[in-house]
Amino acid sequence: MAIGWYLAVSAIVFAIGAAGVITRRNPLLVLVCLELMLNAGNLALISFARMHGSQEGQVFALVVMVVAAAEVAVGLGIVVALYRNRVAVDVDELRELQG
Amino acid sequence: MSDETPKPGGDPAAPAAGEAAGPSHREQDAPATAGERQAAPDIADLLGGEPGGPLTAVADPPADQSGPSAYRVQEQSIDFSAQLRQVATRDDAELLTINMGPHHPATHGVLRLLTTLEGEVVRDVKPIVGYLHTGIEKTAEDKAYWKAIPVIERMDYLAYYFNAMAYVGAVEDLLEVEVPKRAQYLRVIHLELNRIMSHLVWLGTTMLDLGAISIFWYAFRERETILDLFEYSSGQRMHTRYFQIGGVAEDIPAGWEQSLRRFLVEMPKRIDQYDAMLKRNEIVLRRLRHVGVLSAEQLQAWGVTGPLLRAAGVPWDLRKAMPSSSYEDFDFQIPVGTEGDNYDRYLVRVAEMRQSLRIIEQAIDGLPEGPWITEDRKVALPPRHELATSMEALIHHFKLVTEGMRVPAGEAYHAIEGPRGELGCFVRSDGSSKPARVHVRDPSFVNLQAFGDMARGEYIADMIATLACLDPLLGGIDR
Amino acid sequence: MNEVLFFIAGPLAVIAALGVVVLRNPFYAVLSLVAHLLSLAALFLLLYAPFVAVVQVMVYVGAVMVLYVFVNAYVGGATDATGGPAPTLRWLSYAIGIGVLATVVVATLGSSLKAIDSDGAKIGADFGSPGQIGELLLTRFLLPFEAASFLLLVAAVGAVVLARRRRGVLPGEDRMIAALDLLAPTGTGSMREGVGAVNPVPGALSAHITPSTGAGSPPASGTRGDIDGEDD
Amino acid sequence: MPDGDALERLAHLVGAEQDGAVVATVVARGRAEIEVRPDAIGSALERLRHEGYTMLMSVHGVDYHPEERRLGVVYELLSMQLQDRVTVKVRVSAEDPHVPSVVADWPTADFHEREVFDMFGVVFDGHPDLRRILMPEDYIGHPQRRDFPIGGEPVIFTETERRNPGWWK
Amino acid sequence: MSLTPAPIAEVGFYEPWWMQIVKTLVIFGIGFSLVPLALLYERKLLGRFQNRPGPNRVGPFGTLQPMADIFKLVTKEQFKPRGSIGWLFILSPLLAMVAALATFALVPFSGRPQDIFGTPVGLYGLDSSIGLLIFFAFSSIGAYGVLLGGWSSGSKYSFLGAMRGAAQLISYEVSQGLALLGIVMTAGTLSLSGIVEHQSGMWFILPQVVGAFIFFVATLAEINRTPFDLLEADSELVAGYMTEYGGGRFALYYVAEYVHLVMAGAMFATLFLGGWQLPFGIDPPGWIDPIVVLAKTALIVTLIVWIRASLPKVRYDQLMSFGWKVLLPLATLNALVTAVILVVTDK
């Protein structure tokens, strides 16, 4: 199976994720779309690792997963805090965060 | 959907009750309810604030029966019960109303708990009762005094001897009839056996609620022995109708005493086994200690009696304080707790079983000879052999069976110490052969009021444990 | 065999990713992401990264996504903001998506990577095994490893601080009326609803945000608690 | 049970709170009873609480049907210190069945008063939550009254009624 | 491409494709047939603990009782609550079931290839170098069966039960995994058969007694057993996430629960009781090995049933604080101490 195929999947998923981050207005779903992009990156990393026959790419993928987990923890914390303080949850209306 | 929303009150100027409501007997009731209509503004406010109030709707169903009918209008009052009382939370707290029951494995019957949760913590709980109401008190008014005993027994179905005792005691107070000593001792033996049986069921079901499944079977094994004893002495396992006005129905049969003594030897070992399983069990301790605490003052304000009050440290037991039926003859102790938590309730009940065994042992040892029912032929049926020889006995028998005894007019309230607290029976006689009013003060009914205070602020699992340790019996609550 | 697996898992990953972006119900979107991650794990296996694949399932699917589902159920599955994005924004997003796709494709294909149409380099039997990855992590990449774990710690603390309740719940304190008080009682299964006395579903408020419990169907279904629903 | 003299003393104390509050006193067959005017029930119970009768054990509703002022409410008081009981009774007419509620002072009266309201239709003014307790919420009538007809009562459930209004006719 | 080994599993030797299919079917069959056995075993055992005979009416000594139960459940009407989400409601029990059964493939029943009809066959479905991790991966997928099932039922009881359940499963999985670090370090492999091989001298229950204890307790919580059966919590939440389920779908959850029970026994036997190994150097013929594994499994199952018969269950907050404040630090400490001892004794 040519590595190009995997890279193609990775590119498509990345593009979908990018579009989703723009369209989605629910912060939870924005986070979810970010996850998509991160995972597309992961797939590319692992594909390259396979292509070059070195495992550094896999290590990077693991680090990306950790970063994603951290991002999720903080992001979901923000969503819950938002929900506690406001009724409507919509990124476009979150003017307070602009400082 | 929108056409289903209830319409208020109907037309207050609607035609009189008889026309609209159909069944003719409503007309009899109409004057009373209509009388309330004039005097009801404040209660109408309470019940829902509709103009004319629900009681008006009682008398005047809407003339147009095709739409949503009169019965929906009554539900205005339900709205009130859904309100959250004393829910003290922050504004950012999320509340969840959950409806436990009437069909729920842990409500010990058809109790319904309207529970408000914040996460896992109970913020408010409202018991809603009445699903098992069978109108026993009304039924009893339609029966001769001695024929009302079986229905009275069926109220609190785990304390049937106690129900019968309270009722029979009240009627005996009215009749001022002397109960023979042997009958009193037999009553004591059966009452205490019944108390042990009731506590055993409590033990099994409570531990089942905590998740310990085996203790249930062990407790029911001993309960079977007691039920066998009941069957032996009266022919029935439950609702035995053994207590009669003036004594007991029959002397104990031959061999019953030996069976009882075997039980008396066996039972303390069994209680030791329960203690070994539960008393020092870490999980039991964690689940029961410092849970459901209510101070003695609060409990007394709620009118709570029995093991619950004793667990809070008040040594109040009617068997000692106001002994009837020869309880003063026996030497026993009143177990009391210190803190009033669920663990104390458990300890008190288990200790009570041991004390009951002591009483039974003394009673069976000192069981006096003599008649087991009063010699008063106006009250008790004559013995079988007299029927063949004595005309007078035959007349008494006939009068009693067909009409029953006439009880002098008056009122009596006879209270005894039931397994759940003070079990009192109020009987009013109007001089006829049927009681004019029977009302049972059932301990479960009263104790349940304190449940809200016990459960508020606890975890929902502790609420279940507290309910189990409260030991409500829906048969007694709803009557 | 590998081709078959790829052509199952690859398109599934793409479709699930599309689902994440397209589905209106956040709950379904999150579930779609779970499906996407599982198919990615399959792709990782095909790329000889078994350890990463299993970690993907264990950590991502098993923990992170459960957290998502939790928060989703907790927030009540509020639908994506009413009306969706403005049309211009939507077209813009399509354009950006396609632009990004084109850029990435050009970047990868145009970079004249030699091995891109090959199966990859020769690798050993234990390529991507836990032992190998662990060795790399603790030798060459020790600093990123430590940094990542520190980041995780900070994130955990931060999340707890963010999501905790501001003040304790004290009995006896007066309760302020919040917007939630007006919304939450509908649909929380009060006795009024039980008898059909109030109609929980229609009306802007209850449609906009479902009760705080999230106990029940997605708000789109709109018939929850509707006891009169079926045949009258 | 207080004997006659003691009961008279209690009745005197209760009467001193409010003029003409005590209607009658009865000592019969192990039972001491003070009958008070309905509006004096709160002060009477409060006075007796000071005399040591600190627990309200039960509240019974009674219907003395043919007699006038036919509805009665009976309060059973218990003193744990004296190991003694005393009964307080009020009677009201069926046309104007109003008794002040004592729930504020005796929380335990809550369910009891609801039951008496449910069964006899006695309205307890000031009760915080006076609803039916044992009978269904949508029940019509007060079934423990002596003139309440027995038998032939249609069994009505909200659900059936909603689907088929007026089906019982 | 065909020359490189299949990446998912390193089977050690090559089996023909038909053998793999046969093995799949056999493992599936064994998994399924162990369920009624475990069911009957538990009910009989509980009956003895509770002073009653247990099922004894259907078939000789009640042996057909579980079949009758399952038959009854399967032939019942399938219904969905009106507030439920249909496809998720149907999918969730399947998910729970599949996740439970899939782990069966990992249990090694023998280390030696058995000669069956002239073909050498390994008595396991899959002996991967990351077998232990796959086990955990499947059990985290199993949490979705609980979570989605409770959520899609549209009932508050189910919802509360599902939330509790998912939190419990995730929390205890951490302790469960950490408890095994000790044996993984000692054995130096994540392969299950490798771990069993490493126990030929001494079973891991002796050097890793703390780890074994933590693993056992965490497993009780993972498979939803007394005293941690709060997923069901029948006294407060009726039946937790499966309140609204009935008939065949309930049967799926039920079966999954018993698969979990058997799996818990099998995993404990594999990880701590030496798998197919017998003590004192006894070396029986190869066909004995699966019987040894099953016997050890039955031992653990007996222990679990015994606990169910005697203990009450804990409260939810107690469960959580026990998991996070007692088990997790203990497991970490166990891993640390093991690591130190290994370093000190080894080099």
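The chains carry the letters A, B, C, D and E, assigned in the order they are written, with residues numbered from 1 in each.
Just so it is clear, contacts are C-beta pairs under 8 Å (C-beta built on N, C-alpha and C of every residue); 3 or more make two chains touch, one makes a residue touch a chain.
Note that the structure is predicted; figures quoted are calculated from it, not measured.
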item: Pair sharing more residue contacts (C-beta pairs) when A-C is set against B-E; value: A-C
item: Chain whose average C-alpha position is farthest from chain D's own; value: A
item: Gap in Å, rounded to a whole number, between the CA centres of chain D and chain A; value: 70
item: Centre distance in Å when chain D and chain E are each reduced to the mean of their C-alpha atoms; value: 62
item: Interchain centroid distance [CA atoms averaged], chain B/chain D, Å; value: 19
item: Approximate Å spacing (C-alpha centroids) for the pair chain C, chain E; value: 28
item: Residues of chain A touching at least two other chains; value: 1, 84
item: Contacts with two or more other chains, residues of chain C listed in rising order; value: 2, 46, 48, 51, 55, 63, 119, 165-166, 180, 189, 195-196, 213, 215, 228
item: Multi-chain contact sites of chain D, meaning residues that touch two or more partners; value: 158, 162
item: Parts of chain E lying in touch with chain C, wherever the complex brings them together; value: 1, 5-8, 10, 82-85, 128-130, 133-134, 136-137, 140-141, 143-144, 147-148, 151, 154-156, 159-160, 163, 166-167, 170, 173, 190
item: For the chain C and chain A complex, residues of the former touching the latter; value: 2-3, 6, 10, 13-14, 17-18, 20-21, 26, 29-30, 33, 36-37, 40, 43-44, 46-49, 51-52, 55-56, 59-60, 63-64, 67-68, 71-72, 74-75, 78, 80-81, 84-85, 89-90, 92-94, 96-98, 100-101, 104-105, 108-109, 113, 115-123, 127-128, 132-133, 136-137, 140-141, 144-145, 148-149, 151-152, 154-156, 158-163, 165-166, 179-180, 183, 208-209
item: Of all residues in chain E, those that touch chain B in their complex; value: 46, 49-52, 156-157, 160, 226-227, 229, 233-236, 238, 308-318
item: Sites on chain A touched by chain C in the complex; value: 1-20, 22-26, 28-29, 31-33, 35-36, 39, 42-44, 46-47, 49-53, 55-56, 58-59, 61-63, 65-74, 76-81, 83-84, 87-90, 92
item: Chain B-touching residues of chain D, taken from the complex the two chains share; value: 28-31, 33, 54-58, 60-63, 74, 76, 80, 83, 85, 87, 94-98, 106-108, 110-112, 119, 121, 123, 125, 127, 129-150, 152, 154, 156, 158, 161-162, 165-166, 168-169
